[in-house]
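In the part that follows, the structures are each spelled out as structure tokens.
There are two complexes below, and they share chain A, which is joined by chain B in the first and by chain C in the second.
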Partner chain A sequence: MTFVNKSSLSKKIASISFFIIICALPFVVDRYVLYVINLIFINIIVCLGLNVLLGYGGQFAFSNAAFYGIGAYTSALLTTRLLIPYWLSIPIGAIFTAFIGLLIALPALRLKGVYLAIITIGFTHLTLWVFLHWVKVTHGGGGFEVPPLVLGVFAPPYEKDIYYITLAIAILAVLFTYKLIRSKVGRALVAIRENEIVAQALAINITTYKMIAFTYSGLLAGISGGLFAILLRFCFPENFDLFQMVMQFAMIMVGGLGSVMGTLIGASIVTILPELLRGPFTAYMEILFGALLLFFTVFMPEGIFGFIKKKGWVKRESLCT
Partner chain B sequence: MFWELFTTGLGWGGLYALVGLGMVIMVKATDVVNFAHGELFMLGGFLAYAFYETFGLPYYLAIACTIMLVALIGLAMERIGFRPIIASGGVVLCMATVAFSVLLKGVSRSIWGKEFLTFPPIFSAFKSLEFFNISLNPQYLLILGLTLAIIFVVVIFFGYTKLGKIMRATSESQRGAALVGINVGSVFCLTWGLSAALGAIAGVLIAPITLLFPDMGVKFLIKGFAAAVLGGFTSIPGVIVGGFLMGVMENLAGFYIWTALTDIFSFLVIFIVLLIKPTGLLGEKIIIKV
Partner chain C sequence: MGADSDHNNLMIKDVTIRFGGLIALNRISMEIKDGEIRGLIGPNGSGKTTMLNVISGIYRPVREDGGLVYFQGKDLLKLKPHEIAIIGIGRTFQNLCILKGMTVLENVLTGLHKTIGTGDFSFILSPRKTRSMEEQAKDKAFEILKFIRMDSYWNHIATDLSFGNQRLVELARTLVGNPTLLLLDEPAAGLSEAEVKLLHDLLKKIQQEKRATILLVEHVMDLVMEVSDIVTVFDFGAKIAENEPIEVKRDPKVIEAYFGKNEET
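Entry: the complex of A and B
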């Protein structure tokens, strides 16, 4: 099962060759490029969660950056302080973050639109504050070093070593999200997004599905947060502030709200862009992101993939997107 | 000590009320929460610095130019990020304001860099007033006085002037207002300009007390949110009351209970109010009609 048009053999060949290229990349490109590609995979995972919540569910929540941070800090702290190995600490971190997502869903059930945005902004700020000030546990503003995940298989460089792990998890996330969207959960979320009252009239339990959406976004953000800490080998609070949130919004707006393919496109573009413009333009990163997000919000709110679909260059994925 | 905290709290509260007021006016007229409001506030402080220190304009002229320029920026935002997408609904509009907030922050950071700038107070002559055994920074009294004056002007404007009534009509029902011949587009322009100007005034007032840095916008945005949420997002008297309450409680709690509370007080207010009584103290019940 693939997510491209089933009928065409050439498309199947194209996607398989693409997959082979992705797997072969670590042997041909240099370390820095590998770092960026790893980051793309991680961003794909976290943005899939956000797209399910915002793109499909229509919940305008700023909580994802906080979930990302909680995932990172939990896994990293479990490994650094309690010496729990990564194959255990990342799942624990992910489940814990998913649980936090569930908790955040509770107030979110009663709040809509702008109020949801405000309370989740407050939550993200509060989380950041905790990262900065609970120095005994989180090492405070300076951050702390995270031991590398050593598999030894592809060892030098480090980014090659963890490449296949991040790739595998990203692929799993994409497949699982795709299944989720195609299931009744996805349909229910779209119904909730379009009109909550009508959804309720159709006997859709809004509570359940909103909780699922928040928990799912927490889960994916938790996994990717842990991977992010492993990639950077460092964990510090400023990574998980509102700018991170804006970056994630930009990724799904550029790619396309409510579309898995869109998330892939958006995450790739928005991760690569600042790397291309590093150097003389680092100070202008915020301007770049603001302008990018503004451009897409005003001129292309359906994102690149939505634009492609609108033009009819690709058959629509499903009725709801 | 209590009275010093109380008065300083009222001073800060006035600022929060001003910031919140700018946001509530916007929400009432356009149903959009301007996430860039904090940045407009920040620009108020920075531009005042620029006009006064860098260009050497006289003090009051610098402040007047700042307010006008920020109002113009508000108008530009309306034209670029609001009017074109007005049909797209709440999330997209708010996303545009989020984009603006990052953009303005980046512009400010690239112009003024990473330093923390200072701005001179109006009363540079005397450092503090002695008043019934309490020592006060006169800037706080100035802030309090100006805030009350501005609030008074705004209330009169909305309540008794024709233009104010036009704006209120538009906020009640855009379609109804258009039907009776109100130019809704002009009202939007006016709203954005007014809201931005209020933000700028708050920024100019705070400039002498705090250091100016590009990230200060977010801090005050949250305080403004807390004030608006506490008082009721759709209520102008509510946000004013909410702002003053926030300022005083934050100050007192920070001193008497736990210093860290001053940082996180606004978050706690937001959580508690939204979870218990989302419409705030003076807000109206939101009735969703099918």
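Entry: the complex of A and C
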């Protein structure tokens, strides 16, 4: 028993010190590194939603890039055009995007696999088209500038302000997703992923749970999209095209489909890697990036988390408490 | 409770199912009494699984063909598959349908979906209640795993188990929801002789202790003939016999369906 206590104590100490380091980072690293870490947090939030939808629920949808863009545009436009403060415009953007997610779920209820993929690709294109051509509202293809988020605690240039906000939301998103996955919702989603007929025979209403999955991915993409616009200080339609979707797929694939920890790993690696490849390798960046994805699909289809789980280095993520 | 006028658990009347030009079920009627074990046999393609799929709401007779399916007085043709499961009809599948990536315990817990009576997001609103519900569910799951003598495997990834054990896990996942009607689609397929014996005892135990009605589709004749109260025989989508096991074994129509006509006479 004492051994167990000791190991749990050292675990506690490790996680507390990790948390302190994370909190102290803005005072240690430069603006660029802080920007990248911010981007990691934002990608973690959006990919958690995508992993619930695709990794757990098995819904092969390309709608997340559009959700991300709708969240960004909604909150940024509310703030720039109607002068609604961020603490209100980001939640509004998130809820609006969650609602769009719910609407997308309706056709998705009847479609599976590649057909679902095709209509959601269509949806992402349509959304992009609206960003580009509804010039009166969205400012069109040139995008528009977004004011910084100011907490009033730190001096400009406000990178620290948004850092603590994204950190807090990312932590909440991780905890919330863990809870969701370990409840009957998580098990119902996995059952739907594995076999819809079996899920129904187990009294699972697949309509309800597909709607929950789409709404949840919309909610998280909406929040993170709003934060992304503020981080970039710019809202630009091409940030939300199919390449955005490919990046998000890459993150959850590299990290591990159907795993919260895998999402954290994948979002971190796939965010950092292009930045590391900048400079001398800029010209080859996309080739190297593509090669990485190929490597993972061929040699590690279960992702990094799945791989280290198989090696026995980490415990499996449970689907019950 | 639970029985309608004639103590019938399940009442099927004039059900026809067509797949294109093929008639998979041809005006089938059958009634199963509460607490009965009903065997359903017939050559491959005779419509046994189709019958189970009609009862569990996967296939539905078209309106022009008519047909009724009632379970404890409720019209099953008006219910969605998951609603049919909610009112107490559980089933297993011919091809193993263990949920991949789940442990044995998680598989069984998934079978308790309807019993975990908290809302989908109650873990935010009332975390304490949710936790106690989950604990109760786990207790129930362990109880059923003990019932089928699989409790020592609770933390194994279900798909890593032997074929026979996976069949048992699938049965446990269905049993844990306390179904009043249990549809079993070839539960003995691929089992060893010892495992079939275990299944035999288990079915009797389910009938006695869980008081469930069982509709058993099976090719392992010894098992069907030993456990069933009544055996129904299908051939080419039609019901050709329905009687006690001993009578069915002697029925010339059944023998013909399985072995062909005796040309000498």
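As a convention for this text, the second predicted complex is superposed on the first by the 300 of 321 C-alpha atoms of A that agree within 3 Å, B and C clash if a C-alpha of one lies under 4 Å from a C-alpha of the other, contacts with A are read in each partner's own complex, and residues count from 1 in each chain.
Note that a residue touches a chain if its C-beta (ideal position, glycine included) is under 8 Å from a C-beta of that chain, and two chains touch if they have at least 3 such contacts.
None of these values were measured; they are calculated from a predicted model.
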| item | value |
| --- | --- |
| Partner chain in contact with A:L88 - chain B first, chain C second, else both or neither | neither |
| First (chain B), second (chain C), both or neither touched by A:L180 | second |
| Touching partner for A:N205 - first (chain B), second (chain C), both, neither | second |
| Which superposed partner A:A24 touches (first chain B, second chain C, both, neither) | neither |
| Partner chain(s) touched by A:V114 [first = chain B, second = chain C, both, neither] | first |
| Partner chain in contact with A:F60 - chain B first, chain C second, else both or neither | first |
| Which partner, chain B or chain C, touches more chain A residues | B |
| Partner chain in contact with A:A191 - chain B first, chain C second, else both or neither | second |
| Common interface positions of chain A, toward chain B and toward chain C | 197 |
| Interfacial residue positions of chain A with respect to chain C in the complex | 176, 179-180, 183-185, 187-188, 190-191, 194-195, 197-206, 208, 212, 258, 318-321 |
| For the chain A and chain B complex, residues of the former touching the latter | 54, 58, 60, 107, 110-111, 113-115, 117-119, 121-123, 125-126, 129, 133, 197, 242-243, 246, 249, 253, 283-294, 297-298, 301 |
| Partner chain A, residues of chain C touching it in the complex | 56-58, 80-82, 85-86, 90-91, 93, 97, 99-103, 105-106, 109-114, 116, 118, 120-121, 123-124, 130-131, 134-135, 138, 173-174, 177 |
| Residues of chain B touching chain A in the complex | 27, 33, 35, 80-81, 84-85, 88, 90-92, 94-96, 98-107, 109-110, 218, 222, 225, 229, 233, 260, 263-264, 266-267, 270-271, 274-275, 278, 288, 290 |
